[in-house]
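Here the chain labels run A, B, C, D and E in written order, and each chain numbers its own residues starting at 1.
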Amino acid sequence: AEDQIQVTEDISVSGDYDWKRFEGQGVTLNVYNWGLYISDGSEESVDVISAFENLTGIKVNYTTFDSNESLYAKIKSGGVSYDVIVPSDYMVGKMIEEGMLAPLDYSNIPNAAGIGAEYLGWPFDEENTYSVPYMWGTTGLIYNTTMVQEAPDSWADMWDVQYTGNVLMFNNSRDAYAVAAKKLGMSLNPASVEEVDRVIEELKAQKSVVQAYVMDEIFDKMEGGEAALAPYYAGDAITMIQDNPDLAFVFPKEGVNFFVDSLCIPANCKNKEAAEMFLNYMCEPDVGLANCEFIGYSTPIGKVWERLDDELKYSEIAYPSQEVLDKAEAFTTLSAQVNSALDTAWSDMKSYDEGGSGWMVLVFLILALAISVFNIWRRVRKKLRNEY
Amino acid sequence: MKNRHLRLLQRTYVVLIFCFMYLPILVLAVFSFNESKSRTVFTGFTLDWYKSLFTNRMILSALALSLAVALVSAVVATVVGTMATVGISAMGRKSQLFINNISYMPVVNPEIITGVSLMLLFVFLQNWASKFDALPDAFFGLPTLLIAHITFNLPYVIFNVSPKLRQMDSRIYEAALDLGCTPRQAFFKAVLPELTPAILSAFLICLTYSIDDFIISYFNCGTLQTLPIAIYSMTRKKVSPEINALSTIMFLVILSIILISNALDSRRYKREQGLGKAGEGR
Amino acid sequence: MEQNVIVSLKDIVVEYDGEKVLDKLSLDIPDKGFVTFLGPSGCGKTTTLRVVGGFVEPKSGVVLFDGKDITDLPPYRRQVNTVFQKYALFPHLNVFENVAFGLRLKKLDEKEIRRRVLEMLEVVGLKGFERRAVTQMSGGQQQRVAIARGLVNQPRVLLLDEPLGALDLKLRKEMQLELKRLQREMNITFIYVTHDQEEALTMSDTVVVMNQGHVQQIGSPEDIYNEPENAFVADFIGASNILDGVMLADYRAEFSGREFVCVDKGFARNQPVQVVIRPEDIKVVPAGQGMLTGVVEDVIFKGVHFEMHVDCDGREWLIHSTQACRQGEAIGMDIGPDEIHIMARMEE
Amino acid sequence: MEQNVIVSLKDIVVEYDGEKVLDKLSLDIPDKGFVTFLGPSGCGKTTTLRVVGGFVEPKSGVVLFDGKDITDLPPYRRQVNTVFQKYALFPHLNVFENVAFGLRLKKLDEKEIRRRVLEMLEVVGLKGFERRAVTQMSGGQQQRVAIARGLVNQPRVLLLDEPLGALDLKLRKEMQLELKRLQREMNITFIYVTHDQEEALTMSDTVVVMNQGHVQQIGSPEDIYNEPENAFVADFIGASNILDGVMLADYRAEFSGREFVCVDKGFARNQPVQVVIRPEDIKVVPAGQGMLTGVVEDVIFKGVHFEMHVDCDGREWLIHSTQACRQGEAIGMDIGPDEIHIMARMEE
Amino acid sequence: MIKSKAAASPYLVWMVIFIVAPLLIVAYYAFTDASGNFTLENIMAIGRYSSVFARSLLLAAEATVICLVLAFPVGYFLSRLRASKQHIMLMLVMLPMWMNFLLRTYAWMSLLENNGIINTVLGFFGLGPFRMINTAGAVVLGMVYNYLPYMILPLYTAMTKIDNSIIEAAQDLGASTLGTFTKVLLPLSGPGIATGITMVFVPSVSTFIISRMLGGGSNLLIGDLIELQFLGNSYNFNMGSAMSLVLMVIVLLCMSFTSSFDEQEMEGVM
């Protein structure tokens, strides 16, 4: 169109926005995103970040995290100031509660208007004061067809001993909890500490079956045929299946997690307006399309969906049927008490050892003591000898 | 005869150990030329991964940052550490022991504790300074990274240089005085050159540790990414053979640096020997 | 030969950790001489040298140089250079630069430096070695570099602290002659430290025998050897037979149960004395014919002479003789009046 | 004194990197003797010792011990103990444990070990030092520990590789006597390595002079000193005047432009020979009276004697004399027939 | 020699601020709760993770012992080589150390995976596949591999100081090969062994990379636990500090073993 600015071959952005106002000011944006969650130019994709830099003259320092919790910890620990972050739903809520996010000035993000209404106004941020949806999706079960007897259809298959050592599991507390909770037919948002304990017990029981607790390593492992079953995000499953046709994806019958990842600006952001420009850029249809094609997640922007190629557009995995969505449940922000119970229980679970080698501590303490006594004795002896 | 068997056994053992140490590196190198992304099946030869590596901005900028941090921190640590060594040597035995023991802390402490404790300090400093607006905006980042690297480098300088200083013949210093140097001149003209090899090797050690450090940087890098951190984030994603290409290049660079410096060394040695012979001939 | 005094120490006291290492030491060093400090390990030789060089500040006392007080002058202002015990060459510099070090500090021009360094290297016999690394030289060569490095600055006095201590016997002998030659050629004062009496005798014009921070005797090598002033000196300079005796009158001494004629006088009547007799000064005669009779206990072939341990009334005598006796043989011993050195008995 | 042979080397060849270090060396070591290997540095003394000790496998040749072939026996099976060049004490053990090391390996009972170690420490004069760390001892003391450690095992042969090399002169002299005494007391064979001729002469019953992997001469110290078989031995044992000459007939030699009477015979007529004359064997006589006339170039006082360098028709003679001459003085030199040692000229 | 204590002052200031102060802060956090009140709860709560501590110590100890056993002969052989060869061999030992730690560990992933190179090769011989990755064994292997040079080098340095004649002296006195080893070689390489143990044990016990990359996150180690508190799921500075403190105490206790050697003995071994 006339009022479009052609940035690269693939990307044009709306011309009625002042993209150049920070040019030459040496502005740098620190963008903190999930791994593999933007079209970054690898594998012949479009490099949307450098296009943004060319367009605006703003430098982007792009780094990645691999779970909401580590994002939270990194920001919470202080000091670090990011300009744009991409937390998921419940984490957005938690961060809002703790005053970690800055309210958005939508006049700087006109493209937000293109976002479908069904993706706005979720409980974690009802007015979308702090967050602009970036991608949405569901979780599901990825499996290697050559390694399973019959296609799994339930989370419970991940507890099946015939897959011992061939199961991968989420390496973050909420997602892992969700799997176990759904298996038990419970809500994936625990309401009480007892509930947490109950579900974590289930995870402990699963431990002997699990080969590894991983996050993005799952790509490599599933594509390489290292494991038979793994729960992961639907969008990523599409990527994996593309790379290894042996893989398949299923929405377990107990129901899955529905999530929205949102673009947010932390409260201690140093350059909010530039950050909002980045948000606006991310909501550009061309950019959204590039991202969507690269990462395979589901877009909340209508214009992007329309332009997807059919394979993705009508993908059962990316845009599941209503039946699946009906059974899907979203995360909510937990109360502080339940949250900390979950964290503790999670690390308990991780450190839990069936063999149980608690007595080893005793052995080690005794050993350490023996060594130090031996040392003192040695020194005394040496001293005596020297005096002699 | 028995000796020969024993020697064969020794050789075999050493060769096996070296195989163990080099096997993984070999694997990395071989698969950097693999056409497909598979890390285990070799499907064909390609140099594509090297090409794409050199267009990977993340890696290149992380590399630049790592080099810069390593260089600056090594220089600062070497200068401060050498000064410290000289100063400490002038102290009494008790204070020497005390300072040395504290200096040992970053060496014997697990890296994670050094990293974490520095992070806590920086957080504390920042919270405290934010009240007065005394610290620069981007305090967490380059400044903290540099401070952390200098901190864990300093002990290596001290423990490398101080034995040299102690072993050094104090008469050399006196000889310089005797020949007309003031104490300051004597230090720079006679003592410092003597310490140079130790200082240099300390500097190299600092560089190495600095470039290789992951854990301490990980806790103190703020929004920045050093090369190890970039590599870490790469290993946690869908791994691309670029990483193999990167390791192969790093290995070759290091290997060639070592070989060149070795060759230079032995050439200098030979030249000196040759000169010596010529001198005797006359 | 009446000589000027170049360095003069007056009542020097040096303490380490409260222990007196030099105790009111006074000493005049004649100009253009080869003066050797000789004494057992730890007697304070090095310390004395370091006082002259300016590396040790005496607790009290005065150091005069050419009549001027230089006690407080730092080392780099003294017209004195030192050759250190273990050379202390600068390992990072080659031979040329080591020698040129002092000259460069004086900011002489490059040509002049070159000329003087090369000249000095020629003098010490290291022509052609300029560019050699000092670490790649033998002990003797390093020694020469150290000497050249000192001499090139044309000091009035060169201090040498056991410069040959680390060399093997053969090299040592060579370097002794070399040093002697150098001192004559340069015509400056050498103050030389050693604990090897043979070395001291071989090289010096003047020998200063020290013990426990005190000067025991100063004199020419012959004086010191032939007329030791006390038993310590006598014993330290060559193996000796030292006996207790009594001076009966002038020229008559009694020891070993017998009266002897000697050349000493001026002692009080019946004054207890010590008698020193060199092993090579005892003549071996057939048993019964000599002044003393003894039984050979041990004979050791030493090449030039035989060393014999002779038991004489329960006292062991040491005799050097070119003539071998058998073990167990009884022999007579003759001692000429000249060979009997009488000295007042030291208090122990 | 006819003695049994305890160690016998037959045609031993040792190569390092293809270079022959010992070249068909054959040698008999008499039992209960004090045998010294003497030779310049690098001549193969240590290597020979190590062949006996079992640390070096000869390329060919046989080592006999008491008549039995032990060439392939490992060191820990040989009835031989070694005192190493730099002692090689175990730094982690104290004096007692160092000495007890060999006994403990033999699994003797504790009491017996204690008795023998203390006894041995007493023999070497280290009573009361049992618990001292060896690193805290002086060189001489360490030496004694090393000797005790070897001797306590009651070896038939004790090998000593320059055991006194690192000690200073005085200590060295003491230890020489000490070692000699020990050897006599223990009544075992000592094989001793040194490159100091005086040491070799002082201590040995038998001296083996080696050069470049070959034995040059075997004999008693007196034989070696007085009747060197070739110029190498003559030169190596004490400073000598070595001149080229011609044998005119039996008992008549010509050298230095003059005919001399000597005691050697059996050479061919006009055969070129080398003449060795010891510096102390030359008598100084007034100028014109002696067989030769020379001019004194240099006089050095050496305590016992004066060392003179005399120029005689352009050749420098070394003379030791108790009588000093002035520098520049012309003197005569007399040489008795006994003092002239004639030997066939070596091919160089 | 050169009497200038002032030269040390920049370092002393640095030391106080960046070495001493951080440790004090760790201690402070360890004994306070989120609102800054004194508490012992953090320390007590560590009891819950005793199995992690035990596992860490056990795996690290295993790795250390294996390193020691593997490295001892290497150090010995190297120290007996000729000087020129020693130089090259040392370079070879150190070369892998110059490679990025993460890359080296990553390489093991390719080797150990179920469909990895080792299993593929074994497959040719009809063996396997063996499950190697994501086991405790893989973690130990990673530790051994990464820290082996840290064991070889100090051992080598200590052993170069053992003169050949000392070994010969032992043989001379009747010690067989085994006797020489136990009675002379082993005690004399003591300082090297101690340093080597430190340099392998400390990083092994606190690693979180190796356990994550080769252990699959189910073999949680102390390092993981601490990281979890500061930059991960749990987010609890106080708890993390308490764990750090305990870890530090454990390590220092073990290190007192090393420092019992004289400074002089240690010289150059570090």
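One rule holds for everything that comes next: a residue touches a chain if its C-beta (ideal position, glycine included) is under 8 Å from a C-beta of that chain, and two chains touch if they have at least 3 such contacts.
A quick note: this is a predicted structure, and the numbers were derived from the prediction, not measured.
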Two chains sharing the most C-beta contacts:
B-E
Identity of the chain that, by mean CA position, is farthest from subunit C:
A
Averaged-CA centre spacing for the pair subunit E and subunit C, given as whole angstrom
58
Between subunit A and subunit B, tell me the centre distance in angstrom, where each centre is the average of that chain's C-alpha atoms.
35
Please compute the C-alpha centroid of subunit D, do the same for subunit E, then give the distance between them in whole Å.
54
Please report how many Å separate the Cα centroid of subunit A from that of subunit E, as a whole number.
33
Give the residues of subunit E that touch two or more other chains, as numbers and ranges in rising order.
113, 115, 230-231, 237
Where subunit A touches two or more other chains simultaneously, the residues are 77, 224
Interfacial residue positions of subunit C with respect to subunit B in the complex
53-55, 74-76, 80-82, 84-86, 88-93, 101-102, 105-106, 127-133, 136-137, 149-150, 153
Which residues of subunit A touch subunit E in their complex?
67, 69-70, 72-74, 76-77, 165, 171-173, 207, 210-214, 224-226, 343-344, 346-348, 350-353, 356-358, 360-361, 364, 368, 371-372, 375, 378-379
Interfacial residue positions of subunit C with respect to subunit D in the complex
169, 196-198, 201-202, 221-222, 225, 237-238, 278, 280, 300-304, 320, 322
For subunit B, which residues are in contact with subunit E within the complex?
10, 13-14, 17-18, 20-25, 27-28, 31, 39-41, 80-81, 83-84, 86-91, 99, 102-103, 105-114, 116-121, 124, 147, 150-151, 154, 158-159, 163, 170, 173, 183, 186-187, 191, 208, 212, 214-215, 218-219, 227-228, 231-232, 235, 239, 243, 246-247, 250-251, 254-255, 258, 262
Could you list, by residue number, the parts of subunit E that touch subunit B in their complex?
1-12, 14-15, 17-23, 25-26, 29, 70, 73-74, 77-78, 87-89, 91-93, 95-104, 106-111, 113, 115-117, 120, 145, 148-149, 198, 202-203, 205-206, 208-209, 213, 223, 226-227, 230-231, 237, 240-241, 244, 247-248, 251-252, 255, 267-268, 270
